[in-house]
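Two complexes are shown next, each including subunit A; its partner changes from subunit B in the first to subunit C in the second.
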Partner chain A sequence: MIPADFGVIELEGVQRRFAGTAAVDGIDLAMAPGEFFSLLGPSGCGKTTTLRLIAGFDRPDAGAIRLLGQDVTDVPPHRRRVNTVFQHYALFPHLSVWDNVAFGPRNRRLPEPEVRRRVGEALERVRLGELARRRPSQLSGGQQQRVALARALVNEPAALLLDEPLAALDAGLRRTMQQELKRIQREAGIAFLLVTHDQDEALALSDRLAVMQSGRIAQYGSPREVYDRPVNEWVAGFLGRANLLADPLGGGRTMLRPEQLTLRGEAPHAEQAGRRARVVAVTFQGATLQVVLRDGDGQELVARIGRQDPAAGVRIGEVLWVVWPVQAGHHWSS
Partner chain B sequence: MRMGNALLMGVAALAYGVLFAPIVVIVVFGFNAPLGRFNLIWQGFTLENWLHPLRDAALSQAFATSLGLALSASAIATVLGGLMALALTRHRLRARSWIEMLLVLPLTSPEVVLATSLLNLFVQTNLPRGFGTLLIAHSLFCLSYAALTLKARLVEMDGSLEEAAMDLGARPLQAFRLVTLPLIAPGLLAAFLLSFSLSLDDYIISLFTAGETVTLPLYIAGAFQREISPQIHVLATMVLMASVALLGLSVRSGRSA
Partner chain C sequence: MNVSRRSPRAEARPPLHRQAWLPWLLLTPGLIWLLLWFVLPLAQLLPVSLSENADRFRMTLVFRGRIANYAEVMTQYAPVLARSLAYAAASTALAALIAYPLAWVIRFRGGRWKGLLLALVVLPFFTSSMVRAIAWTTLLGDDGPLLSTLRALGLPPGTRLLNTAVAVVGGLTYNALPFMVLPITLSLERIPTELLDAARDLQAGPWIVFRRVVLPLSAPGLAAGIVLSLIPAAGDVVNAQFLGGPNNRMIGNVVQSLILVQRQLPRGAALALVLMALMTATVLVHVRRHGSSDLTLS
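And now, the complex of A and B:
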């Protein structure tokens, strides 16, 4: 159905300015069919504006947007083959769950038996069949989220746009819904474009992601690439804790993730590097412990160790070796 | 404690009594059989007035004029006010705060000032006073109330609902009809009812802008020296019953939305 020789969504030099400042400052992007792609960034980085430009709620000041190879830059939202899951779901309060989901198919004037079949299937897919006659206000947050998904998916869009869909849910429900999103995406075979500020969510769900900063894409890649080989310190820090060590001979810097560090009593051997440092804080984090240390130069190091680790009993004030494999970490030569 | 409760109940009863006594009097005096021209003193019970509510021809004429005026002025004010409220809430207008101030101005300026300036305007532009000028004047002062009522309703409504409708394939007008309109319907009804009661009741502005046309308040105020017929009470009771029914309707539709 979707030609393989171009992207589902393609952005080329897309720019959007509000009152003189660029919210989106020249973005290029291409999403493959069936891909789970995330736009990750802090609030105000332009990720939601990008999503609204793709949906058609807003128009770019420069650049082009293509869906399935066709230029849709000037096409209004109701004629674009994408559907949106809104941050606060935007379910129609005066309509039942069923009528909410049937809204799209009925606008496309599908015959009523076909509408019934599709709506039934969509509600089954999100496991809400038995709540079809309720009003949105009678549903929990998680259930409303599922209705929003069904209402979008029932239209068989070329791509589904999700604007911080899990932000309003509590932590436990968020984890369940993450798995649900992934399952639904795999089953439906539709490309998902997820906008989020939650790096764990983006890393867990995405096939590829783009990290956005101040209206530009800072980095583009698979979750592993972006986490292990961030292009700069800002990206490194946004995706998780990062230790930044200056090269002893000057010039470059090396980034080490906390889980790459081990704590031991004895000095590092040939394939390892290390420093002696004093423990300044130990934080219990459930499955892991976070240990903050400071070396002789005042450089702070953060290590994350398992609870079974021999060093799990460290106390504040102890002096230990912080050790890592020499080939570990990511090196920037500046 | 029990003393305090009793006192509270007493004060509340008194307050409600004072509020509703005039209304009760209106209803009761519709059933009075006055001896002279003035229906001011209770003489005896009769259904005669209710059986012939339109016996007083001049009164009936004024009542019909007022009803027609109130209905058309409210319809105009609700439609225009709705469009203004939409413009003010859905678009980033440069002059928004100015327009909002202009909307509040007619509410805060003394009615007699508004009335004189309207008369000035009509005389200056050589517009013959009559039903037309009444309609203009009434639509004008109802517009502020209607626009502000509807604006409150629209601000409450999540703007992304219309975007969701368009996202799901609805053309802009369809999105308005299928989503916006049903959601603001209780607000439209409220704006209409408010405008209707304001227009039906208006005296000062009507006095300045009516010309030869006689509305119900103008008639009653004029006739008050010569005659107060029980039909006034009957018609007033009918209006009262209609507004209670409409209010009940709006409370019910507001609850279901």
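And now, the complex of A and C:
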């Protein structure tokens, strides 16, 4: 399941326990060069601990961490070729933007002209060239975020580690910064490891992602795979709303995403399945409507329909057919 | 939700002028205190320092505008002034060197013992400075535990500690320690550990983390500690009196003797004001160099 023969970052059986409980409970992971990879999970699932282990701020109790094929399990953070963008940015308040970005290159004792060239480039890349002389406290949250990115990228790390980098920004800025992250990652060609609890963010940005639960990786795959074919109900529910239908003959279960359901007056035809259900709630969500229905067995169904959909005018109490293509959805046989 | 984030607080705030008297009300007790016990005595000291004793028993003073008092004390007691400043500087430097690592350990390795460790730093100061100085005379005495031990380890006999500069500076350093440890610990406490992680992440080894992040960010605490230990040390009386003997007198001892023993009030007042001017100048230079925020830890 895990491609083991390549990897900028490779984790093998990594474990970290705090006071007896495993925060990270045996993780295997391999990141390809230039890949945008996300660790997605609820708070407390061990994703930030995993990131800290990779950065070297913490040491695993068991397992191995490799960077570019070299074992770095016992290497201190300042000798690892990864850099981190911290959740609260962690900019040095006593240094200007320029000196913050120059911090890493100077510690590597690069000649000063080289430091100047690199810092200038990094600030251009995040479009902050004209704010170089400011102190971090004089910048907005979004600008501080960019400085944190530039400060990490300027070191040309093998991989960039991002710990909930957008969590502190408001919704509009978060969307802009998501696009910026993607652009910067493409331009720099550096592998990004993003830790986030925001499934939309992970789905939008990642080439691949790992869904974490209770210190373990529940699923590993492309955003489409994980969204369309979650390994279990928990993953299905964490990535978005999911309708879980028991097979009529017992045994298995089928998951249908709300957008796979359509609402109609007439019964399903040959290639379709469906149920009659009563509308319980209609929620306006801007571009879409979310309609909650209940069928004769008390099973709840959630559908998401466009505003141009013929069913967009449904009212609470109406009884309709909820219809989906027979081959739609994801089936668990157990 | 995000759009309105700024406005509710602004709306909830009442018009500014309604509260304008409040800061003054809060300042009043402090201002009265300073006026009664600092400004008035100081204002009284100034004419005294320009007066002359009117009779040979030095019982009455006559104001003569005698600026020569200042020239006289400054020449006569120049060595004592220099010694006071040197002792104050030496003890402050020593206290900083001892306190910084101590504060570091309390902040970064203290864990749940942090409060206890800080309490231990302050504990000796529950006794009076005189009791501490007298205790030191026993410790440093010629047959005291310290010299006996050192002699047993090969120190040549005849070496003394009591009545030397070492003893006075030692005592002053001891006094200065909590005034150094507390503000430094506080300023270290205010450095988020995330910043240290960030520095290490950016290829900084332990020394560079200290040199380029921890030290600059704790400089306000260090600066506050320096002022808080320099000023009391320069004006100290007790340590020089009990630990220094006749050859290590400091300005405080001279002022005390001039006023209480020799009854030369004008010269005592002049000397006290000279010391005050010197200390004020020192602090002002310090503030100029580091900004006044250093003293308030902001």
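One rule holds for everything that comes next: the second predicted complex is superposed on the first by the 329 of 334 C-alpha atoms of A that agree within 3 Å, B and C clash if a C-alpha of one lies under 4 Å from a C-alpha of the other, contacts with A are read in each partner's own complex, and residues count from 1 in each chain.
Please note the rule applied: a contact is a pair of C-beta atoms (placed from the backbone, for glycine too) under 8 Å apart; a residue touches a chain by one contact, two chains touch by 3 or more.
None of the values given here were measured: they were computed from a predicted structure.
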Checklist line | Overlay on subunit A: subunit C relative to subunit B, clash or fit | finding: clash
Check: Just subunit B (first), just subunit C (second), both, or neither: which does A:Ala171 touch?
Finding: second
Next item on the list: Could you tell me if A:Pro77 is touching subunit B, subunit C, both of them or neither one (first, second, both, neither)?
Entry: both
Next item on the list: Considering only the touch criterion stated at the top, classify A:Ala55 as touching first (subunit B), second (subunit C), both, or neither.
Entry: both
Item checked: Partner chain(s) touched by A:Phe103 [first = subunit B, second = subunit C, both, neither] -> both
Notebook entry, point to check: Regarding the shared-chain residue A:Gly63, is it in contact with subunit B (first), subunit C (second), both, or neither?
Noted result: neither
Next item on the list: Please work out whether A:Pro33 is in contact with subunit B alone, subunit C alone, both, or neither, and reply first, second, both or neither.
Entry: neither
Next item on the list: Based on the superposed arrangement, let me know which partner A:Gly142 touches: subunit B (first), subunit C (second), both, or neither?
Entry: neither
Note to self: Superposing on chain A puts subunit C and subunit B in one frame; which of 3-11, 93-101 or 147-155 is the clashing stretch?
What the structure shows: 93-101
Checklist line | Intersection of the subunit A residues that touch subunit B with those that touch subunit C | finding: 55-57, 76-78, 82-84, 86, 88, 90-94, 103-104, 107-108, 151-152, 155
Next item on the list: Mind listing the subunit B positions that touch subunit A in their complex?
Entry: 158, 160-161, 163-172, 174-175, 178-179, 182-183, 257
Margin query: Taking the touch rule as given, give the residues of subunit C at its contact with subunit A in the complex, in rising order.
Written below: 2, 5, 192, 194-195, 197-205, 208, 212-213, 216-217
Margin query: Quick check: in the complex, which residue numbers of subunit A touch subunit C?
Written below: 55-57, 76-79, 82-84, 86, 88, 90-94, 103-104, 107-108, 151-152, 155, 170-172
Item checked: Complex contacts: residues of subunit A adjacent to subunit B -> 55-57, 76-78, 82-84, 86, 88, 90-94, 103-104, 107-108, 151-152, 155
